[in-house]
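Okay, so chain A shows up in both of these, paired with chain B first and chain C after.
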Partner chain A sequence: MEQFDLALIDWSRAQFALTAMYHWIFVPLTLGLSFIVAIMMTIYVKTGDELWKKITKFWMTLFGINFAIGVATGIILEFEFGTNWSNYSWFVGDIFGAPLAIEGIMAFFLESTFIAILFFGWGRVKPGFHLLSAWLVAIGSNLSALWILVANAWMQNPVGMQFNPDTARNEMLNFWDVLFSPTAINKFLHTISSGYVLSAVFVVGVSAWFLIKKRNVIFAKRSMVIGAVFGLLSSFYLILTGDESAREVFRTQPMKFAAMEGLYDGETNAPLVVIGLMKQLPDPQNPNLERFAFKLEIPNLLSYMAALNPNAFVPGIRDLIHGNEEHGLMSYYEKIEKGKIAIQALSEYKTALEAKDQATADENLKLFKANYAYFGYGYYDDPHSLIPHVPLTFYSFHLMVGLGMHFLILFIVILVLIFRKKIEKVRWVLYVALWTIPLAYIASQAGWIVAELGRQPWVVQDLMPTLSAVSNIDKGAVMTTFWIFAITFTVLLIAEIKIMVSQIVSQSKNEGGH
Partner chain B sequence: MFENLSYLALQQYWWAIVSLLGALLVFMFFVQGGQTMIRCLGKTDNEIKMLVNSLGRKWDLTFTTLVTFGGAAFASFPLFYSTSFGGAYWVWMLILFAFIIQAVSYEYRTKKNNFLGTKTYETFLFLNGFLGTILIGTAVATFFTGSDFMVNNMNQSHWMSPWRGLELAFDFTRYATFINLSLGLGVFFLSRVLGILYFFNSIDDTTLLERAHKKLLTNAALFLVFFLFFLVNILLIDGFGYDPVTKEVSLVPYKYFNNLIEMPVNTIILLLGVIMVLLGIYRAGFHFKECGSKGIWITGLGTVLTVFALFLLVGLNNTCFYPSISDLQSSLTIENASSSKYTLVAMSYVSLLVPFVLAYIWYAWRSLNKKSITAKEMEDDTHAY
Partner chain C sequence: MISISESFSNFFAKKTTALSFNYTINHIFGYLKFNYCQMTIFHRIFYFYRDGFRRMTVGKQLWLIIFIKLFIMFAILKLFFFPNFLQTNFSTDEERSDYVLEQLINKK
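The block that comes next holds the complex of A and B.
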């Protein structure tokens, strides 16, 4: 197996992070707004109320603007697996490729076929078919999320496969294990519900701006009710799935979990850090280092949330590196040794086969299989290289959770005020709703950072490190494409925001909306 | 059901599916071809609007077909995916860039405050049509002429040329470059022919269609010149074959011509496809009033059959579908580049959805295109591009 120049790896990672994060700016709004538009259109078709038609068309226009740039940033991601991560593409393509293909066949065609009907169907197709198209677009968008998240979940928790030493790749053994792994289910549900919440915040925030400006009041209130109810229900679901997702991380990616909580020394009855300020950059080799300058903790809660048992042991970063016999944790030092044995055995197996020495090949194959679970560790010498960026993971996680709670409270307050017919009078709430829009995007990006940065240095947990997954290309080429994409996406983002703002301002001045 | 098929049969089945997706993609390139003619056909704002809107209702389908083609190639032949995409880096990056700028252009083109201006988005559409078709056509031609890579015993690929795929289109010291470019240009002019035929079918505006009609035969003639150059050359060159037992790869004289002889059904499909392409052009070109709107279906189906047959020609009958000119034994075949049998079986069950998908696309297309686009509609429609 090859290893590459670190600068190439960093630029390749930067390019993938850039495209993924840009893509993830637009996708959450598509996921939720598609359902919100379908709900609004359903009300219009049921009631025949022209105002609901205007409301539907307005949010649909914003959906279309956002959808286009989501598509533009999405295509690059699929092909980047091949262009920049070609060794990864072979190593896991037998498993990872299938969800991508299914995504295209099942979801993208559904979405792209019916989105044309949704936008251009007014007066051209029957209202029932038009409405069905709106729902099919929403289902198609969310189905596409399912398959890519199944693929992503497999990288976090590789199941349903075995390594084939002859082809030097992982091969699928059970499709259903891949599709229905608890990691995949939790990841899918938590991610789409985060998209729903972001979309609800967007609808509520834009509607709040209409009310602040005292324009299109009924239009705005109706939109706000739909957004807030959708957001409230989604928030409950988001919290439930988030809780289960964290438990799944605890079971399958204990290092990521320790980084999320800034936990260096494992403990039973572990407290949950609600708010914390890290004192300095971490040094796991210094056991006396005080991690936090300030922290607010709830006793036992981390143990309870991680294992549903307040007395449970939660391993810290140092336990994972040095091992913990009492709690049955193998050290990373030992895993690295086993990984090196696996890599060596695979190489000798291949050599023996070429030399037609079956006995040596069999012996090495046996050795390889016994140590394959630690294969990826063999690429490292220093276990400390296996720690993700703790402060970034910790802050991103806590920011995401804190903002999630803020959204829940906001939706409740908005609905209470609407119910009491006081929403226009409590203007500070409207301003909070408006300024919550960027916060929703920050929370969404923070979630992505926790999931993807927290799993580093793995591209496939325990089996393939990022440094061996990259394509063997000149780093100058990757730098060039990085800047091309950075400039292109930034320009397109500016265009998108300007068009969105223009459409919103234009609608707020549209008297027909009253 | 699929479990009972042999591994080779599954590999052939998946090559056929990837081929079908590739063929549908070339048909859907009518969007790209149409985009390259927006400015030369539309002389007024409203005419341009009609052209853009007729294409704008279909662009996402082309995009989806490309993405699904990539996904299917990844899932069924991952070694091709890792070798070609990771190797011919610049070619694929240019193709991707051409599609990135397309995706926003329809939606943003006429929106207020769109930052870059209408003409920039129209230029994006032109670039997408021009680069997308030529580069993809050129890349597909290398399936016949070969590329510069090696694969090691861990199935990791190494591209040998520092030009990262650009040499396939610009290294004029190799005769194969001319063959590659001829298919690229052939696909480009075919996409323009298909674009014109699509306009005949979807726009109701006499002036505009008469202008498009005048462009049809020129583009058709250029398509034929480049396509025939490609076809004649690949039938005459040495092809890349492999021994079905030892799997050893060798250069076989007239390999692709021999494949035509040894796969007669495929040859019939190819001939039928070419005849239909020409028939659709002929009827739309010389009997425009009676058959103009039907040309897209005849030529479109002909395109699908022709491209499908060309893909089968290069993938079946012990042929290397992605040959290496650096190391013959590194060449990719449907046998050494494919996914495991289990994955192919699982994916095959999913492929049963394809007819259903095609059926609803057809139904939705018909529903939307029952009425042709008119100048008046462009003035009224609130969601016009």
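The block that comes next holds the complex of A and C.
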């Protein structure tokens, strides 16, 4: 048996997490700001008001800066697939390749073509076509996100495929099952709506800074109205899609769901922990240990949110490990056994084929297929290795939800104050709006931590853990590139912030906006 | 009819000289409001982009960043640090399949 290098896996994971999280700093603002710019341009085209043109151009510039700095940062993830995660790349086959190829074509034709018309087209193309370009840039950016999220959703809930034991690849059986899986739809809608909220917070926050400085007041107020209305509507949508996403996680990734709630022992009429402070890491060997130093709960709500039934049973970590016959839960111990049978059957299938023993090969193939759903479990002996980092998942989830509520309230307060014509007088709200910008990024990153860390150790849910996905390469090379990425991305981020701040300051000093 | 070079001059002088109108091209691609209508659509697109790039202010700085970034990614990272593991080490898909199967069966 080959011994896997834990340090190699950890460095490979750290590198992927680093690049994905840096990439995700740029993406959500592109997703939402593109629509906000399109809305602003629509108002300009409809009204002919020069101030709206100025507003559109300003936010378009910030959109352009973010787009330019962020563009192609995702390509690094594809490099990593081929180098660090070659087993995974091969295993997922065309299921990952097809959506990524479509994404590339979409990004190229829609975004690249129409972005040029959007930026270069002022006074050079007809206003209607210019406006159409703005909307197509927004739609194109969001469609690009669709395909990568479909690929990601397949990893969380692999459907529409069949594993070919001769090629070691998963082959797509039904593209539409992959595209329209509930996991993919929920992931896409929740992710893009989170980008919309982040962008709205960004617009409201920057506008608040203008008002704090008492510069370009009308310009700032108009921007703020668009940002806050867009943000409010997106927030409601975010809550709806988040609710549905959580139910989907409950159905397909119950361990992640239990970790998100810090639920160790399953129960009917499960309460929802609104705020909680974990005392220590949950210890599966010590079930009687109280895990929360403090918690505020709402009775029955978790059961209701998970299954739309306040009496529903929500399995905890221990139920998943040890199984629960009453509620029809197979234990991880049993899944590990089935996984080992699948791996052994695959091995014997291969040996039988080499020996040209078709009967034995067929027998093992049948056994393999019957147990393939648990294939990944076979790499483990201890089921406790299949528990994600509970406190990090729990806190990330609660931070994301809490901040989401903060954004919703902020948008409402901002709109009320604007319509009562008091927004400039309540300066603390302006400061809160300004300082909410980094909080939106924290919430967005926390969402990814929940999604990706909460599903550990799986790369492909139940089928492929990180340890079998990683390439057998030199750990030193991974460490070197980790630091190259860390430095490169940090420089890019500093450049983005610097250029954006200089543009914002420059616009605020341009009094033509009054 | 005026020559292409004349139409360039007109364009850069920002004149609005009435030019003969190539109906077919403008019917299909009529959104571009350039004066140099006798040029092919490819010329128009070329000059649309060229002039767009020339007029950029903050965009020039951004393009510089994009080029540096792409250079680091493709000329350094991809070339020296990110070879495709299976493509580099194996020459056929069969060998790659066998290797991955071996990894799936024996990795522990």
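Simple rule for what comes next: the second predicted complex is superposed on the first by the 508 of 514 C-alpha atoms of A that agree within 3 Å, B and C clash if a C-alpha of one lies under 4 Å from a C-alpha of the other, contacts with A are read in each partner's own complex, and residues count from 1 in each chain.
The rule we apply is simple: a residue touches a chain if its C-beta (ideal position, glycine included) is under 8 Å from a C-beta of that chain, and two chains touch if they have at least 3 such contacts.
Keep in mind that what you see is a predicted model, and the values were worked out from it rather than measured.
Bringing the complexes onto one copy of chain A puts chain B in a clash with chain C. Of the two partner chains placed around the shared chain by superposition, neither chain B nor chain C is touched by A:Tyr333.
Once chain A of one complex is fitted onto chain A of the other, the partner contacts of A:Tyr379 are limited to chain C, with no touch recorded for chain B. Using the contact criterion defined above for the overlaid structures, shared-chain residue A:Trp435 touches neither chain B nor chain C, since it reaches no partner. Of the two partner chains placed around the shared chain by superposition, chain C is the only one that A:Ile343 touches, whereas chain B remains out of contact. After overlaying the two complexes on the shared chain, residue contacts for A:Asp474 are found with chain B alone; chain C is out of touch. Contact with chain B, but none with chain C, is seen for A:Glu103 once the two complexes are overlaid on the shared chain. After overlaying the two complexes on the shared chain, residue contacts for A:Trp483 are found with neither chain B nor chain C. Of the two partner chains, both chain B and chain C are touched by A:Arg169. In the superposed pair of complexes, A:Phe180 makes contact with neither chain B nor chain C.
For chain A, the partner with contacts to more residues, out of chain B and chain C, is B. On chain A, the patch touched by chain B and the patch touched by chain C overlap at residues 1-2, 61, 64-65, 68-69, 71-73, 75-76, 79, 82-84, 86-87, 89-90, 116, 119-120, 124-125, 129, 167-169, 350, 471-473, 477, 481, 484, 488, 492, 495, 499, 503. Touching chain A in their complex are the following residues of chain B: 57-58, 60-61, 63-64, 66-72, 74-76, 78-79, 81-87, 89-90, 92-93, 96-97, 99-104, 106-108, 111-116, 153-159, 162, 164, 339-340, 342-343, 346-347, 350-351, 353-354, 357, 360-361, 364, 367-368, 370-371, 381-383. Put simply, chain A touches chain B in their complex at residues 1-2, 57, 60-61, 64-65, 67-69, 71-76, 78-79, 81-87, 89-90, 93-98, 100-106, 108-117, 119-122, 124-125, 129, 133, 164, 167-169, 171-173, 175, 350, 354, 471-474, 477, 481, 484, 488, 491-492, 494-496, 498-499, 501-503, 506. Chain contact summary for the complex, chain A toward chain C: residues 1-4, 61, 64-65, 68-69, 71-73, 75-76, 79-80, 82-84, 86-87, 89-91, 116, 119-120, 124-126, 129, 165-169, 343, 346-347, 350, 379, 467-468, 471-473, 477, 480-481, 484, 488, 492, 495, 499, 503. Interface residues of chain C facing chain A in the complex, by the touch rule stated above, are 31-34, 48-49, 51-53, 55-56, 58-59, 61-63, 65-66, 69-70, 72-73, 77-78, 81-87, 93, 96-97, 100-101, 103-108.
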